[in-house]
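You will see chain A twice below: alongside chain B first, and alongside chain C after that.
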Partner chain A sequence: MKIISVENVVKCFPVGDGKFTALDHISLDFFTGEFAGLVGPSGSGKTTLLNIIGSLDKPSKGKAQVAGKDIEALTHKQAAQLRNHSIGFIFQVFNLLPVYTVFENVEFALLLQKKPWHERKKAVMDALEWVGLENMADKKISKLSGGESQRVAIARAMVKRPRIMLADEPSANLDAKNTHSIMETMKTLNQEFKTTFLFSTHDEKVMQYLDRIIHLEDGKVVKDEIITSRKEDF
Partner chain B sequence: MIHFLLKGLLRDKNRSLFPIIIVSIGVALTVFLSGYIKGVMGDMIDTTAKFDTGHVKVMTRAYAKNIDQMPNDLALMGVEKLTKELARKYPEVTWVKRIKFTGLLDVPDDKGETIRQGPAMGLAIGLFSGSGREVARMNIKNSIKAGKIPENPGEALIGIELAQKLKLKPKDIVTYLGSTMNGSMAFMNFIVTGFVRFGSQSLDKGAIIIDIFDAQEMLDMPDACGEILGFFENNVYFDSKAQILASAFNTEYFDESEEFSPVMVRLKDQANLAYYMDYVDLYTMIFVGIFVIAMSVVLWNTGLLGGLRRYQEFGIRLALGESKDMIFRSLIIEALLIGTTGSVLGTIIGLIATWILQVHGIDISSMTANSTIMVPSIIRSKVTPDLFYIGFIPGLFAMVLGNLLAGIGIFKRQTAQLFKELEI
Partner chain C sequence: MPVLAIKLAYRNLVGAGLRTWLNVSVLSFAFVVIIFHNGLIDGWNQQARRDTIAWEYGFGHLLNKAYDPYDPFSLQDGHGILQTKMRQRLIPVLIQQGTLYPGGRMVPVLLKGIETDQEILKLPTKLFLKTDADIPALIGKRMARALKLKKGDRVLLRWRDKNATFDAANITIIGIFNNNVPTVDNGQIWIPIEKLWEMTGLSGHATLFIATNDYVHVPIPGWHFKDHDTLLAVLDNMIAMKKVGGSIIYFLLLALALLAIFDTQVLSVFRRQREIGTYIALGMTRLQVVALFSMEGAMNSLLATLVGSLYGIPLLFYFAKIGIGMPATADDMGISIAERIFPVYGAGLILGTIALVVISATIVSFLPAKKIAKMDPADALKGKIQ
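== the complex of A and B ==
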């Protein structure tokens, strides 16, 4: 099933008097359960594309359909709804809320969905188990290592069981061991829940886990390679 | 959700404790300063009340009409009974009898021949016959510049400049010449026990202060006096209280046909004080207004910085699916909470401080002892009703305004741009 469809998307930013084209007629489709990544030099437009797919930004031209919604037509509220229910984000810096505990950071997304306490508790503990942090539920964020923090971020993004996970350079602040460990965790989640993962990365270690690598350069797709043909039917 | 946000708010001292402290300090200062200004600027009124008008004053209607002439022929009669009645009906008010009079002071030589003479304005109070409260009220002990306070009938205090003019020394004898209540000749010898300087021109240049009993005898006014003055607790004037008191009294005692029926007037009704007090109110408002604006700017900055510091948090919350409206709203609610808490705390602190300085004024008379200008000898603040809300203006307004502006900043920014800042 097609879950993300990007059609002739152009994104321009105003620069001085003129404008800068960050995405130049991009067309891409992603299917449920893909484990794909955008790679390319700095400034090639990876983050810009992820932001559009994540409904944090809108295309200047073209169409982007995500989980059945037209991104360019969404209001602020509708975009927030889409993010709340269907999209999980993981960032380069872990972006956890420092005043809350591990449990509370993960719980936050479910509070937004107004889930009752017993459901929240179970879902949060499950999510912490997926990332191997079930014993750290009450820890303060400031007491966590980098690897642990990124695991909390993964649990937070996954706890609402989104259909799409967007990860912008998730390994940039991690060492090799932690990078492998979180990639394995995410791969497992991808297989278990059929969650579609879309990465943006420079990191060889990340790339070796990807099933599909899309090369961007100057806002254009220059190569779209399938690494392993997946056995499961999309 | 609200619970969750509150939890975060309480744990993050940068968002809760520190802004509350800043707001509280600002609000407490605003409250205290306005109470202080009201107190100090009201001090002249206070002095006038103590020496002249009281907080309320009872006299005959005829006396009230001609008050400038100190017409003791129109004085109140049966004042023992009236004072007792007043004390019974209004026990929270202190009632004292006073007589004002004019006449000549004559300094005789050994043979009784006049050496020097000068006009004098007399004030008769409970100097040693009363409970000593009048002496305290006028701060007489500290105002004596030479000699001592009278202790016996036939003793008097004299304004220091008048004493110099008449070349008097303590224990000299002066003769008062004037007229009695009935218009016949009055004269009496006084031993001058001391000289006083109150800092008021008219008193220092022309006053003779004697005991009320001496005055009654000298002016042939048994059981009579010109004025009965009422003073509120802690010597602080409240116009609303005076108004209620006066209208209750006047309803009861007013008699159209009797021009010697007693009438009560407020401090504000006397000696053009209404004009002066409105003037003080205006200046107080201007002072407080300036301070409120200054405080608002400080708190506005605090709110703004708080909002800017939290871009990261807002980015995360947006990514997790909160809409901008929701974040904006929670930001304002938070500011309201903090602003209210800080304002309540600050108001309480400010009120307590103001109240303390109202009850226990700071006595600066030792510092101003040698001053020749009129300086209040005790600094007092004053708790007025507006102090209960005035602090909320900078407290709440500035806090919310700061967050509002910060929030608008966030709103205006492209969502994606917020993320740009996140990833640095």
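== the complex of A and C ==
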């Protein structure tokens, strides 16, 4: 099933008097359960594309359809709904909410969904188990290591069982051991829940795990390679 | 959403630690000071009304039309004999000018003749019944202090009778009364009205009458009636002015607290860009984030209410019980002021102050938070908005 469809997307940013084209007629399709990544030099447009797919930004031209929704046509409220229910984000700098505990961070999206307490509690504890942090629920974020922080971020994004996970350079602040460990966790979740993962990365260690690598350069797709034969799933 | 916003705002605010408690302390202090100051003035107002009624106003004054309380020259002709059925329910007071010569000085005074058996005013006129002095006189503590007079002193008084002929005699100070009402004290000498009638030849005349509680006013030619409220309006006005004067201080204090909150808010909208981006990525709408940040700021005032009542309630109750000692100079203001004033805190004052603080804190929190609505979440996540 096609879950993300990007069609001739152009994204321009105003710079000075003119404008800068960060994405230049990008067309890409992703299917449920893919474990794909955007790679390319700094400034090639990886984050910009992830932001559009994540409905944090809108294309200047072209169409992006995500989980059945037309990104360019969404209101603020509809975009928030889409993110709240269908998209999980993982960031390079973790972006955990510092004054909350591990549990409260993971619980957040469910609070927004107005899920009752017993449902939230079960879902949060499950998610913490997936990432191996079930004993750290009450810890303060400031007490966590980088690897643990990124695991909390994965649990927070996965707790609502999103259809799509967007991970922007998730390993940039992690050492090799932690990178392998989170990639394995995410790969497991990908297989277990058929969640579509889309990464942006420079990191060879991350690329090892990917089934599909899309090379961007100057806002254009220069290469789109399928690594392993997971075609039967598409 | 409101419940969630309150919950999240509370977590954020308490999580923010020192800065929050600093804001909350200043705000709660402003709170307590506002309530204390207003309570003090209200307590003063109540005391002044009570004392002025008890010592001077009774249940209203019936004044001779020719008499103007603000014009001493009107005393000469501003009196008369009153013919009315209500006469039994009125206490006559005759006021005349005189000059006193205590210790070689010459002091102009008001001679006030009053019925010896009156009970409507607190003036101790019963003392007149227990003396055989030729001209017995009562004076207040301020007058006694000013003229250095003691009980039992005899002083020469000069006055004019109805034919404008000067007369002089010694009066005897038979009592000095303690009171909080300068307007029955400063420059005044109280003597039995029969004596004053005899001295001036104005038998049966009165300048004004003090109404008793069962007095019912019907218009009487040549006289006009001033009820309680009319008489007290002057007092109320003067006290209202004091209130405004004192308010400036606490508005400054409040402004300071609000400025601190505003500053915190501006700073947090700027510093917490990534967090704002994260909220949006997690599925909050921008308006929800604006509401969350406004709520955080507004919650400063709720915490301040809480903290303020923690130390404020015992403190304010304590002062309401023991009162506040007033400096002696406060006596010169011409309004009744007791040596101790007991603040009173009405529900209106307390609720009004809470509303004032909460609403203003919400406004100063909302203004910076409004910026969030215009933020680009992608930029916010990069933390690069200027």
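Following the convention adopted for this analysis, the second predicted complex is superposed on the first by the 232 of 234 C-alpha atoms of A that agree within 3 Å, B and C clash if a C-alpha of one lies under 4 Å from a C-alpha of the other, contacts with A are read in each partner's own complex, and residues count from 1 in each chain.
Note that a residue touches a chain if its C-beta (ideal position, glycine included) is under 8 Å from a C-beta of that chain, and two chains touch if they have at least 3 such contacts.
What you are looking at is a predicted structure, and each value in this text was computed from that prediction instead of being measured.
Of the two partner chains, neither chain B nor chain C is touched by A:N135. Of the two partner chains, neither chain B nor chain C is touched by A:T188. In the overlay built on the shared chain, the residue A:Q208 is in contact with neither chain B nor chain C. After overlaying the two complexes on the shared chain, residue contacts for A:N84 are found with chain B and with chain C alike.
Contact with neither chain B nor chain C is seen for A:S27 once the two complexes are overlaid on the shared chain. Contacts of A:L56 after superposition on the shared chain: both chain B and chain C are touched. Once chain A of one complex is fitted onto chain A of the other, the partner contacts of A:Q92 are limited to chain B, with no touch recorded for chain C. Residues 47-48, 51, 54, 56-57, 76-77, 80-81, 83-85, 89, 91, 93, 95, 97, 99-100, 104, 108-109, 111-114, 156 of chain A lie at the contact with chain B in one complex and at the contact with chain C in the other.
Interface residues of chain C, counted against chain A in their complex, comprise 4, 7-8, 11-12, 14-16, 274-275, 277-278, 280-288, 376-378, 381.
Across the complex, chain A meets chain C through its residues 47-48, 51, 54, 56-57, 76-77, 80-81, 83-85, 89, 91, 93, 95, 97-100, 104, 108-109, 111-114, 156.
For chain B in complex with chain A, the touching residues are 1, 4, 7-8, 11-12, 312-313, 315-326, 414-416, 419, 422-423. Those residues of chain A whose C-beta lies close enough to touch chain B in the complex are 47-48, 51, 54, 56-57, 76-77, 79-85, 87, 89, 91-93, 95-97, 99-100, 104, 107-109, 111-114, 156, 168.
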